Amino acid sequence: MHVAPAIETRDLCKRFGDVKANDNVSLVVDQGSVHGIVGENGAGKSTLLKMLFGFYQPNSGDLIVNGEHISLGSPAEAMAAGIAMVHQHFMLVEPFTVLENIVLGAEGQGLLKQAEIDAKAKLKGLEQQFGFDLPFDQPVSQLSVGERQRVEILKALFRGADTLILDEPTAVLTPQECDQLFELIKLLKSRGKTILFVTHKLHEIMAVTDSVTVIRAGRVIVRTDTASTSPEALAEAMVGSKISRSVTRADTDHGIPRLSVQNVSALSDHSHRALQNISFDLFDGEVLGVAGVAGNGQTELLEVLTGLRRVSDGFVSLSGEATNSKDVFTDPISLRRAGVGHVAEDRLKSGVVASMSARENAILGYHREADFCRGGLMRLSAIDQAANDYFENQDVRPRNPDLPVASFSGGNQQKLVIAREIARDPQTLIVGQPTRGVDIGAVTKIHDQITALRNAGKALLVVSADLDELMAISDRIAVLCDGKLVGIVPISEADERTIGLMMAGSAASSLVGSATEGQDQ
Amino acid sequence: MSGSATKLPGVLESVLMPMLNILVALLASGLVVLALGEDPVVVLSLLIEGAFGYEEAIGYTFYYATNFIFTGLAVSVAFHAGHFNIGGEGQAMLGGLGLTLAVFWLGSSAPVLSIILAVFGAALFGAAWAFIPAWLQAHRGSHVVITTIMFNFIASALLAYLLVGPLQRPGGQMPESSDFPDGTALPQFHELMEILGISFEQSPLNLSFLIALLAAFGVWFLLARTRFGYEMRVTGQNSDAAKFAGISVPRVTVIALMMSGALAGMMGLNELLGEQLRLIGNFTLGYGFVGIAVAFMGRNHPVGIVLAAILFGAVYQGGAEIGFEIPKITRDMSVVIQGLVILFAGAMPHLFRRPVTALYARFAGKGNK
Amino acid sequence: MKKLVIRVVAAVVVCLAPAFSAFGQSFDPVLLYDIGGKFDKSFNEAAFRGAERFSKDTGISFRDFEPNSETQYEQALKRFARRKADVIVAVGVGYSVAVRNVAKRYPNIKFTVIDAVIDLPNVQSITFKENEGSFLVGMIAGLSTKSGKLGFIGGMDIPLIDRFKVGYKQGVAYVRDDVSFIENYVGTTPAAWNDPIKAAEMARSQYARGVDIIFSAAGPSGLGVINAAKDSGTLAIGVDSNQNHVQPGYVLTSMLKRVDLAVEQAMNSAKDGSWTSGHRVMGLPEGGVDYALDEHNAALISDAMKARLEDARAKIIAGEIVVEDVDGGNSGH
């Protein structure tokens, strides 16, 4: 007997402006199966999920649920079609009890009390069926993360969901909770539910899914049964093929390291160990790329190197001068004066003040320098001159420094930021996500510029979520996973598969045996 | 921000929008007046006449405006640094105390010196009163909105204690201090005009109006021309970017709020050193709170604040005048009318943004075709 | 749009004209209340009633003004002085500094100030011997108390209020010498005159401690005391106006301070030309203070009591009884 797939999409497209977030995505999720979706950050997973959940509407293509062509105008319509989503960030009201959270939005028209009594009866049945054991009368705020996730899942089942979309469900869980979740997924499957499991951790795909779809750059790269694939094959599909290197490179000067990181550990904002015992050197005339799945310590590393975060252990030294580094690396201004430029990874969050004019942003971080300010007064004509120069040198458009930064495109904002950070010819440049949110035209220009700086003998450290980008511009690639340095691979030995596996944290040691030559110096 | 397709040109933004708000406020007040059985047009004309109709009225209007300039600037300076200082009331009280102590300390022996010291005393005490909430905000994360409002109560209790105790006028029955020593008063406007040979009716308008204008200029200069002003604005708009740029956010917070407190504190110059010539228990009369509306209506720009302050001064003075002339409009009614103006003009500045923007977009679109 | 603007402007101009010619009557009296409002059932309301009587008798209307704040005292005085009012009556000790300042600037305008003393040639100061009136209500309290415990609730602890208290105690002592007193003050700032809730709390606490009659000299706050008396089935003594009717049967009497009389006389005398500057004291002989007797408290005051009260009144007028006074009761500057 032929059973229609629980969810099927045909040539689904979604554009945001000129960017194709989803490009002819065709997906088949069989009834009663666990289907995995993997892809890097920005590959288009979230966009796809949001269309399946009725949050976005596709520009073209078909959505077929249980054999019926439908269009989902809102999450409520998706719920009605039996599709529920468990978000990465839970949608629970913390002070409410578990029961109240489950009933919330499904109270019906009667009195709340009655709704709760009805709900309790129904939940008892669900509990027995799926083996939940949740404290219904406790406020959600007292629950562990794993329990909260189960509340979300129970909430979805309570509303009659047949298909559950789990968006990176393991990102917030401990290993033990992960195992429990996998048990639950298997149980749900055995009871006939369909699961769409989204992750970028390959071993999870191998552990729980029946079939898997790999998405890269908005397209489906491969769809296969899990049994007939391997982590290596998935990793390669995930990160794509090697981009040919068109730029010629000068030699790296392996003298005294420009920047040396020794056994550095640091805590995150939430006092987790975000960096653990990291050591590496950065030399003049090289680009050191830092790869990793988002949230594995890259942000904290950037902050440590730019004076925004204190190390809890170890030290960073500049040009071999370890003695005064403690002071320098706690003050962004001294660091800039010492010749370390910083292109912030999240431009709008911290790299610019979006509501202020481009002119005023052109001096951010350098506003205390003598040519911009004397005796506490701003030197407006010098600032004006600098802004005009930046606009001219980097071809920032429109050429109007009076406009607030928010009204420039991402690429032009980034050009302004880069102009500002290289204006004082820093010997070291720390760059986070050089082309995030930047239009295609500007990407090449920024890459060329990074290479030009390298060839001019500068030392550059580039953190990027875009592995293709790192492969194109780096001399060596360092991979972070879970706050640890998995290894550093020279570009000549780096390929997508190796890096992809290192990023996923699997089999790192066996892969990088010979790949740490940069540290021998 | 990026969602709004059309931006209003500056003229519409800064002139038309406030005008619309005032108009609606007047219409709403007109309805209230009508409900009382009075003619709104008569009341409106009385209000305008009472605020600008003769020299003394103008004097009073600008006298009230002086208070609002100080408190409006105070709110705005804190706001530029990203904080909502609603403790203007308490800071003004302490400023009043500071100047009172200064004049009594020096006495009438050196009036000019004592006035100068009073100006500094007012600013210093206001700043000091803002320091504690500022420090708690910067280093302990206690929200200034909560702490400054609590400090208003403390200031009011402190002043009441002093004015029925150590500072009370000997033999006096009201919570007020003795008269300031002879000569320690800010020259009044008509006296200044007399020196220039121009006769102007007597009114409480005094030198502190010029001090307020000077303060407005100073705030503009601070924000637009100084490094600290720049750091303040960066901090206020995006504290992450401030950290990125190496700006010490706690330091900026403390200094900005203290400047705010100093400006609020100087309000006492006008009320006490300009007119009452003694410290009175509740001389602040809510001017510190009205400063919030003034700052918002003036779009947090010193010029806007001066203009908004004059408008509020006119409403205060004109409103009192209505009370004099029309018995049916009791003082509670004139408070209602003032409240409506504050509500529409100050507290809801964006009420008409959408329709006006839509209208503008339509006309601008037509013009382009 | 342009037409509309012109019409509005025209309307403004047309309406302004009558606004200025409205004061064409020959005699123009003005009454300025103290903070607390015109209808406070007490001090300000008494002043209002006096002016109303004047208006009814003579057919001359008066203008009045309720200041929002202390800063408006002076503004209001100046404003009416500038518009050539014939007499400006300001009630309340708070006006003392303001009247002093304005009267100096407008020597041709007559000012009458009640409760304060200003020594200027164009100012008439009227004060009351609240101690004498309080003496009489003190006698009533002393003759009526069963528990032997009496209460006093003042607005602020200032000389003016002290005068009420001193007279009250002396009146009690005149009829009984075994009475104990409990006294409280509502607050330390003028807000105390307008806080009936706090006054009621104090009254309840006094009643709970065995007090059966409380005399409140706290302006509108006293209404709270009267309500507390009703709640606990005890008695209160009103102040300034006749407050017997506020809770009939629970108000033993009221210490009348005839502000209405003072206002009416000031206006009348200014009209007929007999107005003179200087200090007028209104005590028992002048009918300036008294105790209130009407149908609401007739059952509470026996004939024997009345006889003793009339005897005491005569002795005070004759000078046989000297009621103590307090220094500085009417100084405000």
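Observations on the structure shown:
A, B and C label the chains in the order they appear, each numbered from 1.
Keep this in mind: a contact is a pair of C-beta atoms (placed from the backbone, for glycine too) under 8 Å apart; a residue touches a chain by one contact, two chains touch by 3 or more.
The structure displayed is predicted, hence computed values, not measured ones.
In terms of inter-chain touching, the protein chains here are arranged end to end in an open line.
Greatest Cα centroid separation from chain B: this falls to A. The mean-CA centres of chain B and chain C are about 36 angstrom from one another, to the nearest whole unit. Note: centroid distance chain A to chain C, computed from Cα atoms, is 76 Å. Chain A and chain B, compared by their mean Cα positions, are separated by 47 Å.
Of all residues in chain B, only 1-2, 225-231, 233-234, 237-238, 240-241, 243-246 touch chain A in the complex they form. Every residue of chain A that touches chain B in the complex is listed here, in rising order: 306-308, 331-336, 342, 344, 349-356, 360, 363-365, 367-368, 373, 376-378, 380, 406-407. Of all residues in chain B, those touching chain C in their complex are 39, 41-42, 44-46, 48-49, 53, 56, 60, 160-161, 163-164, 169, 171-175, 179, 202, 204, 271, 275-276, 278, 280-283, 285, 320, 323-325, 327, 330-331, 334-335. Of all residues in chain C, those touching chain B in their complex are 8, 11-13, 15-16, 19, 37-38, 63-72, 74-76, 78-80, 82, 93-94, 97, 105, 156, 158-160, 188-190, 328, 331-333.
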